[in-house]
Each structure stands twice: as structure tokens, then as C-alpha cells.
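What follows is subunit A paired twice: with subunit B in the first complex and subunit C in the second.
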Partner chain A sequence: MDLSLRGFPLVRVFTTMQNFFQILVSGISVGMIYGVIAFGYQLTFATSKTLNFGQGEALTLGALVGLTVVNFLIGMKLGTFAAYLLALPLVFAFGLAQGSVVEWLGVRQAMKTKSEAGWIMATIALGIIFKNLAENIWGKDPLKFPSPLSENPLTIMGVNIRPMEIAIVLGALAMMLAVELFNRRSIYGKAVVATSNDRDAAGLMGINTSLVITFSYALSSLSAALAGVLVAPITLTGASMGAALGLKAFAVAIIGGLSSGMGVVVGGLILGITESLTGFYIDTGYKDVPGLILLLLVLSLKPAGLFGKAAIKKV
Partner chain B sequence: MKKTSSKKVWLAAAALSVAMTGASYAQQTIKIGISGPFTGGSAAMGVSMRDGVKLAVQEINKAGGLLGKQVSLVERDDEAKNELGVQIAQELINKEQVVATVGFINTGVSLASQRFYQEAEIPVMNNVATGTLVTQQFKAPDHKFNYVFRNAANDSIQSAMIAEAVKKAGHTKPAIIADSTNYGQLGRADLEKALAANGIKPVAVEKFNIGDTDMTAQALRAKDAGADVVLTYAIGPELAQTVNAVVKLGWKVPVMGSWTLSMASFIDSAGANGEGVMMPQTFIQLPSTPKRKAFIEAYQAAYKVDRIPSPVSAAQGYDSMLLLAAAINQAKSTDGRKIREALENLGTKIEGVVTTYDKPFSATDHEAITSNIPVLGLVKGGRVVPANPADLEGDKALRVKPKA
Partner chain C sequence: MLKVQNLVAGYGKVKVLHAVSIHVPKGQLVTLIGSNGAGKTTTLRAISGMIKPESGEILLNGTNIAGMPSHEITRLGMAHSPEGRRVFPTLPVTDNLLLGAFPRLTGARPKGDVDTDLNRMFELFPRLKERKDQLAGTLSGGEQQMLAMARALMLQPEVLLLDEPSMGLAPRLVEEVFATIARLKTAKITMLLVEQFAAAALDVADFGYVLENGRLAGSGPAEKLKNDPAVRAAYLGASH
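Right after this comes the complex of A and B.
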């Protein structure tokens, strides 16, 4: 009856391996979402040494704008997949605009006056305003986001994966790759890199560093908005969906290191996978604990993050 | 000095005029408070409950009101937040001076808020919150009088029904998946107790937080432990995530749980994955008695919907107002103490939607719903239907509380 007890231990080993990979896959897709949001933190930190504490709300707004556009296009008799693809450029444009507004209202003034904490308060305040805006426009109830891909799982080597989970990983990688390519190959990207390395020197070389910083904020909100439309089809959309994710991504940015784009991706994967593995192998009630312990360890042993370069601040 | 004292006089005058208009207004109408979540994850239950109460009030007012006065409702959205519920309780008691309050969807909000009613000696009728503790918070002998009443099936009744259904279906290895709120964890404890009473021990007990997006680990642990049925204690959106994870694993397993599996937010977001799940229901949207038929038609006409978002909440909301109205009529007073006394000794039979109430409460028993009243519901085609249609046929349709 029970094969594992009657001389077929291989069956047991096989299911154990299968479970492990199943958990690994779900950890990777959750971790990728954390990674993309944290990537947004990294983008602005590199150029301006500031970050947007309203990143979670940028994600919420991106997802909700996406929802409205997708529903509108479906209403125009378009298929869900086509509607989703057509909605993406609009969501990106919205993300760019939203990020620019955050920089313009919240960060520029604080940086001009060399205020150490002004931008923190301002971005938190803007985050709250955006959340209230979302509540007023879309209501406080969780809404279902139509899934562009089939909701039936695929079975790959015994592991069940929802197509949307694969899309999350691919979409996140594509976005980060595009930004890296832009930075390395294009003249504008070189301006971004130069500003990241030394803002004063870049300014002396004729680079409009203030424009570069606005651009990095725009790109940062774009990545959050992308994360929003990627995660929305597998969860529900609502004004409060970004809060928990934004906070998790912040932990990821600290673990991976804010100065390295590669670092936040790996940091996201580390957090996502530890959460899933702890949930499965130890206890689902303690899922979040190892991630937080890791966070504390990194802060005390390697404050710049696992992949970060320690910067010496000259006073 | 002079300036502040004149300010004080103005304030006193203003306060007095407010108090006087409040008092004269209170003489014209009988004010009843409603506290419930009208936004957020529990909104479907809160809104249906409120709309049920409103229907009852319209009928009462059309028939001449209570004690010759019209009934007016003071609605407050507690957003399912404990701290907001506490503020609202104080506002309804002190500022609005309500005669009684109906409502509370969330056990946590109920437990945090109702001590203000107890202290003010104003009856509060829990029409949806199911935590077993709710009516026991102020019971004798620690308290001389208990002002907390309920007309919903509490968690110990629901867990007993679920455990019985598990046993009847021949399942021996249940897995419990519950959220980390008061509701989920108190319910999980009740469920474990009820299973133990049937000689069943769960093979896995899993937990998740509100807002979690991925339940793969919980579902896989349950599957790996060899569970033959999944039992849930959580609310709509996360319940949908749970069944989605079960289906994603390609795991064909029956799912049962507390009555929240009938929430529209679960049924709609789980879609096909939610078909076939079972849960205890005090009311199913079916015209199985004339009263139920009239109620469903009135609700559909008043709110222009076909499917009531949460039929159980709507029916219990409606009934809670009928019970309270009968007590006020019997007490011939709006004094909280007299209403409580009347509730504990109701002389008339009240024909409600859920059941016919014949002495539903006594001094020591503040639960109107007993274990024989709810039936098992089943999600089919995006609606809740009876799991065993025979449960609601013929003279079984009307299930009443047994005489003490």
C-alpha cells in the first residue's frame, strides 16, 4: 500500500524533492516582486542618496491604473491578454509621471536646502496622500484583476506553476536588464552612472544632475508600477496592497545593499525563498522571522548590505 | 483672564444648545446605532447587515414606529478596526445617545467596543460577530447584568457542525488553515476542540497573515501531512488565496470552513476554484418559508441586486432589529435596563427570517441561535445553495431554538 515503507524509498525521496522545488519556485516568484520594488529604491539612492518611502503606494497606484485600463479595454471587446499588453505602456507612462511628481514635490526642495530628513517626511506624506487618493477613486474594497494568462497551473517536472508566476520572474528580469543596458550603452545612461559616482564632478562636466535625479525617480516609480501589475493578477488589487510589499522591499534593499542593482535582486530572492522555506519546513506562523533575523545580522555585521560598497562619508 | 472666561461662557452656551437640540430630537425619534465595517475586506458582510437592518426599520416605521415614535438609525463605519470601534461606541453612547446598538461583524471589534455599552447599561445586539467569547465577556457571576446579546451562530456551534460533517464524510485527517486575527485563532481553537470531541486530531495546523499573497507553503504542508480535508477559519480575500494555492498544487481535496466561505469576496475572487466548498449557514438565499421569500424580494427590490452580497449578514441584521423592536415595545420604555429585561423575557413570538424566535433569550442565555438552526451550505455556480437540499424542505425549513 504505502510504497515508501515497502522497499520503494525512492518514491519518498522524489516527493520530498518535488516539495522542495515547489516551495523554491513560489519563493522565487515572491522574491522577484520584492526585488523589483527594491530595485526602485536602489535607482534613486544611487543618484541622489535619497529614496521614496511611498514606493508601496507607487505600486498600488500602478496596479489600480492598470486595472482601470484593462477593464476599459476588455469593455471594448478586447481579449484579456491583449488588453493587458496594451495597458502596460500606459501604466509605465503613469509610473514615470508619478515618480517625477514625487521628486518635484518631495525631494528637490529638501536636497536644495541639504536637509537630512526633509525628504523622508515628504515622501512618507506623499505616500499617504496617494493612498487616500486611491481610496477615494477606487474605494477601499479589494478588487479582482483579470488574469492575462491562464489561471490553470502548468506542471513542469512535477512542480506546479501558475503561468503568471513565470511572467512575474520574466517581466522583472526584463525590466532590470533594460535599465542596465540603458545605463551601459546609451549616452543618457552614462550621465546617470556619472551622477551616481560623483554628483558634483558630473555637474562640473556639464551633466544636468537635477534632471538625472528626476529621471531616476520616474524610473523608480515605473518599476514599482510594473511590480504592481505583475503581482495584481495573482492577488487582489486595493488601496492597501502596497503597504506590506513596500516594507518587505525595504528590508530587501537593506539586506542586498542600496548601492548595487544586482544586490537588491539577490536580496529579494534570499528573502522570498527564506520565507517560503521557513513556512514549509519550520512553521507557517514563523514565516517572517528568519528574514528579520537576517536583516538584523546584515545591519550589525555588514551595514552596507551583502553586496554594497561601504562608503566613507567625509565631514 | 477676561478673554478666557468669556470664551468659556461661549463654549458652555454652545454645549448647552447642542445638548438641548439633541434632547429634543431624541424625544421625536428612537435612535438605534449601527456599527459595522462598510469598507475593506469585511465590507460585504457589514453592508448587507446594515441593509437588512434598514429594511426592518422601514417596515417598523411604516407600521407606526415604536411607542408612537419613528425609529432613526445612526450608522458608523468601524472599518473592522478595533480602535475605531471603540471610538464609535463612545460616540454613539455619549454624543448620539442611542437607545441600543446593533451590529459588529468582527469579533475583535465587538470584544473591544461592547464594554462601553455594558458600563452605560445600553443593550447591544451582535448580529454577525461569531467569537464564542462575545456573549461571555460580562456574564454572571462576575457581572450582575449582561447587556450583550447575539443572534448569530457562534464559533462553537459552527465548529461543532464542521467537525460533525468531517466525521460524517469519513475524513480522518483534517488540516486547519486559519488567519492570525482574533477571529481566525479563536475559531481555530474552537475547531480543534470540536474535532477532539469527535476523536479526530488535525494532521496539520497552519497560519497566515492578512494581506499575504502566497499560501503555497501552507497548502503544501497540509498536503504533505496527508490531509484528506482542508478546514478554514479566515475571511474572503485570503480564503480565495488559500483555495487558489490548493488548486495550483493540483490537489483534489474537499474544503470546508466557517460561514465566511459564503462571502461574495471569496466566491467572486476564487471563481471556479471555490466551487464545492462547504460552510454552516443560518440563512441561504432561498424562499423556503413565506417570510424568507418576502425578505429576499424586499431586499432585491430595495437595493437592486439579484444576489445578496452576504445573505447571512442581511438576514441576521434584519432579525436583530425585529428582536430589539419587540423588546422596546414590551418594555414601553427606551431605558436600557428595561429593554434588557424585556429581551430576557420576550412574551411575543417573533417571526424572523432565520427562525421564529420564541423566548430567544433568558437572564443567563444571551444566544438566540442554537446548534439545530444552521444548515450546511455549498458553493455552486457562484452562489450558496444547501449542501443537502432535504435540510430546508417541508417542516424542516423552519428550525427553532428548543425550549429550555
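Right after this comes the complex of A and C.
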């Protein structure tokens, strides 16, 4: 490195490439979490043009249900890893059920009466109820989620990577890939795509489109619950863990586009990485700023706005 | 087979149909003619459950289907190729066709041989075969029209509703569509056809109804309607 540049701020930024890669790693794992939650927003937006604004609370509940099941299984003398694996199907089932409830109580009625604001208010309200529920069952204090994988980082070329961070990336990708395969290969998945394309025409094919919308809400909450149990072991678990994540993932969904599958991964990574870069090189206090600036930029550069045609009609 | 009695339907507070009655006997081709805005599309929509009728009966093989959601009506064997094609733009041609057979593939109707039917559609519409992996949204208007028809046929329907299958097509393709309809008729498929080309529709149909401002203004064997001076003056003059 050119020594004459010492003291120039940019040089400080890249003092060590290792530092930079270290930041990148944590940015990527957080970004993938945002991506999975945002993917959940996409799922319901595709079929119903509505979103679950309680997505963050779906994540919270998924993580807390997972925590209880994992602790119970550990109490049954199971290893942490085995307990975690066994808990996953239960967490998924819980997510599916929770999402269905949100759709029944919050969305179906509002869509019937064609109320624009109805589903927004209803899903926010349900989110608050779920959060209160979580506080009453699990308390307000953050809890420790037993890590299924070793908490000792692997050192790869001087960069420390926690095994759980790798699991997050793989888990997130597996989830999206599974949904993509389902949509492409199975007739039921095609029915979901058809409903997204043209609900009335899908009904004419004999597809129960109300059920498809319920299903997309169920799957959306499942994604959030998965994000919850993926992120819980590397952070603190508690009733308020989902709020900020849900909001940031919403920004990611807007940035990445509510309709393009890969957009949320890219958007999530952009946000996750800028956040951890800001947190490290500037100040953790400003960590949330770049994401919000990014969000504002995207919103102003896409005058059609959040639900604009450009976001919907892209093939 | 399909019997519509005193059907009243519309959109919200706007009533479009006032007591319309139509009978489509098994194996016959019945056509519904009328000027723009007469309520032809609305009639088909009410029959297939895309809109809820206000009152009246719609009997499909004796079952009253009035007010049922469209997916249940489809599962009873009614296919509807809607106005404006409504193909699924982000799905390939083949997937569009398979979705036409959705009730068969999911156990809601007898399965039969879906693959053979798929190939039959490709024989009937060779242009779809050449484009079977292409996204439906990238097809030309005429190709989309063929796809909409083929997709409806994939149900192996007991009754087929066709809403302006020739809309927006070049004259040569219009002829082709009518040739296809004639072929379906030979195959004894029960059809209710709405067409802008009233003369051509009456040529191929067994029976016809004339709709005017949401009310039936006449009906009769197609042959007879075609020679009816009033019908000729109102509907057949301009279309040829």
C-alpha cells in the first residue's frame, strides 16, 4: 500500500482487507435474514396485492416457539443440534397456522369489501396483539437461544465466520429455492402463479383462489418463522426482536421490488452490508441510516411508488 | 344440460341483465348475439360464477349453480374462455394448458389422459405447439386467443362458454377459429358461443338468442334467425 496516503480517511477504511471482509460476512448473514422476511412480503403481495405488516411479529413468535420446543427437547436429554432439527417442522407448522390466522382475521374481510386501508390496519393490529401475547408468555426480557452449531468461529483466510452465519445463508437460499421449485414444477405451485397473474381467470381454471391467498399468507409467516429461528441463535430472542427486522425487511422488499424473486436477496444484501459497514466505519449509532436513505431514494426514483405498475407487471 | 332461467345480474347497483332465460341442450351449439353492451359477456360471467347473479336459476345438469364460486362451477364441468383471453402471461404455453386441466390433475374431476389431450390441443392448434415453452404473455393476440380456447378445452368440459373467440383476429384467423368451432361441434361438445360476427355464428350454430339491453329480444333455430328480416337488419347487415 502506498505509504504516502497514510492519514487519508480512505486508507483508514481499508486498513486491513480482513476487517472489511469480516464486516462483509456479518452484513451478508443479516442481509439474508432481511431477504427471507422480504421474500415473505413478496409471497402475499403476489397473490393478493396485500402485505402482512405483522411480519416482524411472525418472526418473533416463530423464534420463541422454536426456543420453547428446543429447550423442551434439550430437557429430554437431546443434543442441541438434534433438538433444533426436530423443532424446525414444528416451527414451520406454527408459522403456517399463524399466517392463516392473519389472513382469515385481518385480510379476507378487507379484501371482500375492497377496503384499501382495512388490511393495513388489521395486520398492524394483529402484529401488536401477537407481540403482547409474546410478552405475556415469554416475558419482556431477552432470552438466550441455544445455538445448534458451535459458537466458535471458523477462521477462513483470517476472517472469522460463525457456523450459524453459514447456516443462515444456506437456510435462506433453501427456503427460496424450495418455493421456486414448487411454483415451477407442481400443478399447485402453478395455480399460485396463475392466481398472481389473474385471479378471476385462475378461478375459471377451478382454482380456489381464496385458499391460494390463505396459503400464501401461511407460507409468508413460515418464511418469517424460519428467519426467526435462523437469527435467534446469534442474537437475543424476545418479544421485541421482530419489530425492527420486519421494518427493515419491508424496506428491502421495496428496494428489491415486490415482484422479482431475486430482488429481495440483492436488496437484503445491499442493506445488510451497508449497515454493518456504517456500523463499523462510522458509528453503530448511524447503522440504520443508510438503509432508510436507500429506501427514500428508491421511493423517490420510482414515482409509481410502492405498489406501482412497474413493480407489479415485470415478467 | 345448461338451463338459465330469469337471470338477473349486474355490477354493484347497476343491473345489466333483466330476467334472461337461455337453454343449451346437450351436444348443441347455441349462440347469443346482440350489439355492444347488450350484456352478452355479463351473461357468460354470471353463468360461470365470475359475478354473482342477483336472482334467477342456472341449472347445470339439474344442479343450481347460481351464486357458486367460479372454481366450484368449473369443477362441475363448465369451461369458460373469457372475453379478452385472460391467459397467464408469466407462465409458458404448456403450463397454461395444464392449468386448464387443474381439476383433473387434482382429483376434482376424472383424470383421463391429460398428456394425450395436451397433444390433441397441439394438433388442433399447431402454432401453440411451436411455442409451447414460450411465455403466454409474449404470444400474439391471435395465438393467445387460441391458447384461451385450448386451455378451456383441457377441462374436457361438459359445457363450453366461448366469449368472442375471434376478437382482434385477422380475417384468415377468424375463419380458422370458426373452423375449429365447427370441428368441436362435430365432436358433440356442448357450447354457448358469443360472437361479434353474428352471421358466421348463426351459420355454425343450432340455435340462437338475441339479447338487447339485457333482455331477450328473440330466439329460434339458427337457420330461422338468419332469415328473420329484423335480425338481418339489426345484426347481420353490418358484420359482413
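FYI, the second predicted complex is superposed on the first by the 286 of 315 C-alpha atoms of A that agree within 3 Å, B and C clash if a C-alpha of one lies under 4 Å from a C-alpha of the other, contacts with A are read in each partner's own complex, and residues count from 1 in each chain.
Operating definition for what follows: a residue touches a chain if its C-beta (ideal position, glycine included) is under 8 Å from a C-beta of that chain, and two chains touch if they have at least 3 such contacts.
What you see is a predicted model; the values in this text were computed from it and never measured.
J.: For the three-chain model obtained by superposing on subunit A, do subunit B and subunit C clash or fit?
T.: Partners fit side by side after overlay.
J.: Of the two partners subunit B and subunit C, indicate the one touching more residues belonging to subunit A.
T.: On the superposition, B touches more of the residues of subunit A.
J.: For A:A224 in the superposed arrangement: first (subunit B), second (subunit C), both or neither?
T.: After superposition on chain A, A:A224 lies in contact with neither partner.
J.: Who does A:K144 touch here: subunit B (first), subunit C (second), both, or neither?
T.: Touch status of A:K144: first partner only.
J.: Looking at A:V193, would you say it contacts subunit B, subunit C, both, or neither? Reply first, second, both or neither.
T.: A:V193 contacts subunit C only, not subunit B.
J.: After the superposition on A, what does A:L269 contact: first (subunit B), second (subunit C), both or neither?
T.: neither
J.: Contacts for A:L204 in the overlay, against subunit B (first) and subunit C (second): which applies, first, second, both or neither?
T.: After superposing on A, A:L204 lies in contact with subunit C but is clear of subunit B.
J.: After overlaying the two complexes, what is the shortest C-alpha distance between subunit B and subunit C, in Å?
T.: It is 39 Å, taken between the nearest C-alpha atoms.
J.: What part of subunit A is shared between its subunit B contacts and its subunit C contacts?
T.: Shared contact residues on subunit A: none.
J.: Of all residues in subunit C, which touch subunit A in the complex?
T.: 48-50, 69-71, 74-75, 79-80, 82, 86-91, 95, 98-100, 102-103, 105-106, 108-109, 135, 137, 151, 155
J.: Could you please specify the touching residues of subunit A with respect to subunit B in the complex?
T.: The contact residues of subunit A facing subunit B are 15, 19, 22-23, 26, 29-30, 139-142, 144, 151, 153, 155, 160-162, 231, 234-236, 240-241, 243-244, 276, 279-280, 283-285, 287-288.
J.: Please name which positions on subunit B make contact with subunit A in the complex.
T.: 39-41, 43, 79, 180, 206-209, 211, 213-214, 216-218, 220-221, 224, 236-237, 240-241, 244, 247-250, 265, 268-269, 271, 273
J.: What part of subunit A is in contact with subunit C in the complex they form?
T.: 187-188, 190-191, 193-194, 196-198, 200-210, 315
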